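Every chain is named by a letter (A, B, C and D) in the order it is written, and numbering of its residues begins at 1.
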Amino acid sequence: MNVLPVEMGLLLAGVLFTLGLISVLIRRNIIFMLISVEIMLNAAGLAFIVAGSRWAQADGQVMFIFILTMAAAEVSVGLALILQIYHHLKTLDSDAADKMSG
Amino acid sequence: MAFYIASIIAILATIMVITRYNMIHALLYLVVSFLAVAVIFFMLGAPFVAALEVIIYAGAIVVLIIFVIMMLNLKEESVEQERKWFSKNIWIGPGILSLVLLGELAYILITSERVLLNNSVVDSKAVGMSLYGPYIIGVELCGLLLMAGIVGAYHLGRQRRKVVHRFLEKAEE
Amino acid sequence: MIKLLWLIPTLPFLSALILILVGSRLSWRVAARIGAGSIGLAALLTILVGYEFLSSGKDAYLHVAWNWFQAGDLSTTFAFYLDSLSMVFIFVITFVGFLIHIYSIEFMQEDEGFSRFFAYLNLFVCSMLILVLADNLVLLYLGWEGVGLCSYLLIGFWYSEEKNGYAARKAFIITRVGDTAMAIGLFMLFTVFHTLNIQDILTQAPLVWTTGASMAVLIAFLLLGGAVGKSAQLPLQTWLPDAMAGPSPVSALIHAATMVTAGVYLITRMHIVYELAPLAQLWVGIIGAVTLLIAGFSALTQFDLKRVLAYSTISQIGYMFLAMGVGAWSAAVFHFMIHAFFKALLFLAAGAVIMALHHEHDMFRMGGLKNKLPTIYWTFLIGAASLAALPFITAGFYSKDQILWLAWAGEKGNLWFFLAALTGAVVTAVYTFRMVFITFFGEAKTKISHVPGMRITIPLVILAALSLLGGFIELPHTLGHLTLFSDYLSPLLPSVTLKEGIESTEWAIQLVTAALALGGVYFAYILYVKQPKLSDEIKSSTFELHQFWFRGWDFDALYNLVFVRPFVYLSRINKNDVIDQFYTGLVQITEYFNTAFVKTQSGILRWYVMGIVVGAILIMTISLFVQP
Amino acid sequence: MMLASLIAILMVGGIAAGFLARVNQTACRWLSLITVTIAFGIILFIWIDEGLSMTLTDSWLRDLYIPWIPSFGIAFHLAMDGLSLLMLALTFFLGILAVLVSWKEIQYRVGFFHFNLLWVLAGITGVFLTMDLFLFYFFWEVMLIPMYFLIGIWGHENKQYAAYKFFIFTQASGLLMLLAILALYFIHGEQTGIYSFDYFALLNTTLTPDTARWLMCGFLIAFVVKLPVVPLHTWLPDAHTEAPTAGSVLLAGLLLKTGAYGLIRFVLPIFPEAAASIAPIAMLLGVVGIIYGAVQAYSQTDFKRLVAYTSVSHMGFIMLGVFAFNELAMQGVVMQMITHGISTGALFIIAGVLYERIHTRDILRMGGMWKKVPFMGTVAMVFVMASLGLPGLGNFIAEFMTLIGAWQANKLLTIIATAGLVFATAYSLRIMQKVFLGKNIEGHGITDLSLREKFILVPLCIAIIWLGLFPQQVINTAKPTVANGSHAKNHAAIHNRTRTDNVQYTSAFDTERRKP
């Protein structure tokens, strides 16, 4: 296996994260926003793995597992919320849920 | 070499995800992206995590989202709506911001000292030792979190049964 | 008997207390007995105490009622100190006070506030007695403010008239200005002597200060400030003419006989300090001289009977100040006593006239009362003669002559003082007899509605007798040379050192004085009886000056312009408190920011994410490019 | 134990009264009255029993020490000296009157009103007794919140605004004090290794001049806002005007005094040098307050607002006296705290009594009342005279001692302050003129004081005259606190005598002991 420089891994993580971020910013559909968040979480996990691999330690993977757990919980709660929002507002438009505006 | 190929696939797939109008298509590309990342994990010497990536991300989470989309029973008009929401101008601001962020990140990485990855494999056993050793408190917290997630999802997802008199319901219509 | 000294102020106090608490339920007869009776008892007690005091031959008697308060170095007692000076004062206060109380029973009979009137009057007598009997300056200050309060209450006695209330407040506030100076004087005295006990201060003062010590001068000036306020001297004299809004007995007791002479008492009491502060003493004399002239000229132009008397009071107290200014302490006290007799008489008689003419104050609407009210006429005439110092038979002549002589011959006297006093004497004679002639001579212009009864005439007669005979206890060198009064005070008050070789001129001075007084009377006779048109001509030819004097030399207007209006204006424009604007401004700014920032709380999720991104970029940029 | 019982009685009584009102409102009023009277009785008992025999070296009467949160060095520490005793006597005296004045005035949510009233009193009691700074802050807040409700629920037209303003001013300044307390706590802990909020322990903290000045400012601001000192006074006219009568009485009579008490108890002993260094400025602020309050009072047309501004003016004397640093001035300050509580409280009660009858506080619409209500007029005259400092009434003793003491410290300022008495005369007489004298313009037909109102006002009258003629007892009681520099250190004697449970505790911040 080729020996890779660390920054390439991290750069990949950064690119993926940025793509997710752009998506969050431009989408109005809540489900798409949730998907984009998943992309960003995944990118963060990738960064951890790269770091763990750099030191040949298990800690990076442990962190990834934590992120994974969190993502799972987040998705389940998030989807439940989406169901509720859709139920109440009859739309997936995140801008429609602006009752909290000051 | 394989790393670069996988990387490019991941990036391309992700770009496809964020540009689709149809959710199901986007999710399929997302699976591809996750799989590519799983390959990278494998190459980085983390086979256990690669497996988890496939099973949980590409498997469970994506499937969950698909289920929800199916529950919502979205039709063609949702795709149309997505198209309507998706103007060209909307890209400009987020794009610039994100690129700035990415640029700064790249700058940090490039200017930092060049370090090569360690080529050793950290197997699942080591991960397990680590998880149930020094990180035990984290595991417990994750347990709590999942618990809260389950309870929260159940509570939020429950359809409240409206107890309204039928005449009143009629009146509402 | 002397042990009962404490009862003298206590009796009026108890009576006042009873009248305040249950007065409204008492019939006027009972209220009058309590009110006047308590003063009568006090007067009787004064005579007994005085007799024992004089016969004991002691210098002073001290009665400590209780320790008032003591903190740090300051220790004050509620103690009464009787010596020959306070003896004179308590005698005048209780005795004249008693006569005025008797007079008031008839004068106020019809008034619905009868018991309230007596309560205030008794409270006044009590405070005045405390003032003159006080053993320390704090207690003196208590009496000092107490009489101020009673003066306020009594001037504004008929409170439903807005202008009475105004006069009352004016009196209180202006005297308070003087009191403030006096209070500061007390602070300074305390700082120097660590005590406010009068006798301790007086014994220590010569040891601590040399003559002319700046501290002594300063303190003397500050105390003078208090005296000037209370005694209605320049520049704080403006309240007294307005104070005539009160009932006539009040004017007689408070604004002629007793309270307004409190300043004289204070300065006489502290005479050692003034001896040590020649500059301040000189100013006492200057203030007295200027005041007596200013007030005298103002008195010439008044048409309200009581206002003439008010200005006359200011003028006569000016004489006392002049006397003190030249160090003639006992002459000042002597004039105080005689003045108390004849001025109380004049006020009471004027009150009787006013009452008889249905509350008519304007002299020019009186006239011809000589035959209709003969008792009043004769007593008023005696009082006026005494005030004008008609020679040889009136007490006023002897007391005033002494002052004139000492202003001329005394070591601290000078020509200007003498000339001022002399001019004042002429003016006094003119305005006094102008008053007499206008009021009692000529034809009657108003009908008499009330003929005074016994309770009014008896006090008048007694006071008239005193105004005539009171002077014979102190006669000048040229006329019998009797010095009962000054001998009596001599252990306490130093006598005046005369200039070298001046004694021979005394008879000449007396002659001039007598001639001028008689001349003044004759002048008034010509102007107001013989040729009334002449007075009108003079008046119209000097109209501006006349009005200027009539308004009391425009001091009121000056003070209104300089002090009252700015204060009221400042207070009015700032009614809503400009400082609060700062805090409301703060609130407005906060609210402005609130409305500005609340827009960021749009409820649109993507905006929040955008915020997070921008924040992240900022932080990263800062950590990248700003190296610590 | 008696000290804790004072607070406990009031708190329990408050809760009980709150519930009792659901059954019977009159019973609730009686219960409150009895509760405060019992507390007053206890204080009088202590005063007669021990207060009179106090000496300069043995000046602490009672002490109660119960560890509360020992790991942070927080204790339930109450102690009483002459100053606390006087303040408590005033508190309960006015407390009784506050219950009485509300008898007819408050008809809405009676139970909650009395609950708040008693809890304010409990808070004030705590403030006057506690010797633990954490506890002090606790009670400082306890007295604040019920007061907020008193103004906000039972006040007049603009009550919400006034309540907010009052709350924000006091709360914001109180937080500064909390910061200063914490800083002091940590500095002391670092120096000695003992982390404690105890007043007597913190007294011995050595501070650099700079630190001391900052910390003092924290305390000072809390206290001068409460006092209040110009320019931090603007909450007071609003709060006093809008509060119900009982609220105004408590505000003017007691809450302002907690500020003055704080200055005497905390600022001067803990930061003596820093306090001395700002003394001229503080005195200047006091004098500005005297004059400014008096000028403001003159133009007010709202009776209660006028009286509120007189409070600002009178509190200036406290500032002047406290920072004059001598016994005379300090005695004057203590005296002023008591007499101002009585005289201003009485004026507010009179304003309330008038409001009940003619439903206005505008003095331009009053006038000529004397004819109708001579008794009320006489009582009002006494307190108006007290407020202008007439000798023979308590306020004179206070102001005279303050001024004569201040004269030793700063001559010019004292002269200006003395001149303030002239202004005091102007505004005081204006009250009398506009309300009771002059003509009855609107023809109000009103009745004189009822028996209950006489029962409220006559004791106040007697008290103010008594204080004017026989003030020595009060002066003696306060003497050890204000005259003796080492007063606080005397506390060790009684403290050791009573403190049996000398608990050894480990501090949470005690790094030495936490090392394994």
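Here is the rule we use: a residue touches a chain if its C-beta (ideal position, glycine included) is under 8 Å from a C-beta of that chain, and two chains touch if they have at least 3 such contacts.
Computed from a prediction, not measured in an experiment: that's the story for all the values here.
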item	value
Per-chain Cα centre nearest the global Cα centre, belonging to chain	D
Chain A and chain B: spacing of chain centres that average the CA atoms, whole Å	5
Euclidean distance of C-alpha centroids - chain A vs chain D, Å	60
Whole-Å gap between the CA centroids of chain B and chain C	98
Centre-to-centre distance between chain D and chain C (centres being mean Cα positions), rounded to whole Å	39
In chain B, residues with contacts to at least two other chains	93-94, 97-98, 101, 105
For chain A, residues contacting two or more additional chains	21, 25-28
Each pair of chains that touches, named by its two labels	A-B, A-C, B-C, C-D
Touching residues on chain C, where the partner in the complex is chain A	597-606, 609-610, 613
Of all residues in chain B, those that touch chain A in their complex	1-4, 7, 10-11, 14-15, 17-18, 23, 26-27, 30, 33-34, 37, 40-41, 43-46, 48-49, 52-53, 56-57, 60-61, 64-65, 68-69, 71-72, 74, 78, 82, 85-86, 90-91, 93-95, 97-99, 101-102, 105-106, 109-110, 112, 114-120, 122, 126-127, 129-131, 135, 138, 142, 145-146, 148-150, 152-157, 159
Residues of chain B that touch chain C when the two form their complex	93-94, 97-98, 100-101, 104-105, 107-108
Residue numbers on chain C that touch chain D, as the complex places them	20, 24, 66-74, 78, 116, 138, 141-142, 144-146, 149, 152-153, 156, 159-160, 162, 165, 168-169, 172-173, 176-177, 179-180, 183-184, 186-188, 190-191, 567-568, 570-572, 574-575, 577, 579-580, 582-583
Chain B-facing residues of chain A, complex	1-12, 14-16, 18-23, 25-29, 31-32, 34-36, 38-39, 42, 45-46, 49-50, 52-62, 64-66, 68-77, 79-84, 86-87, 92
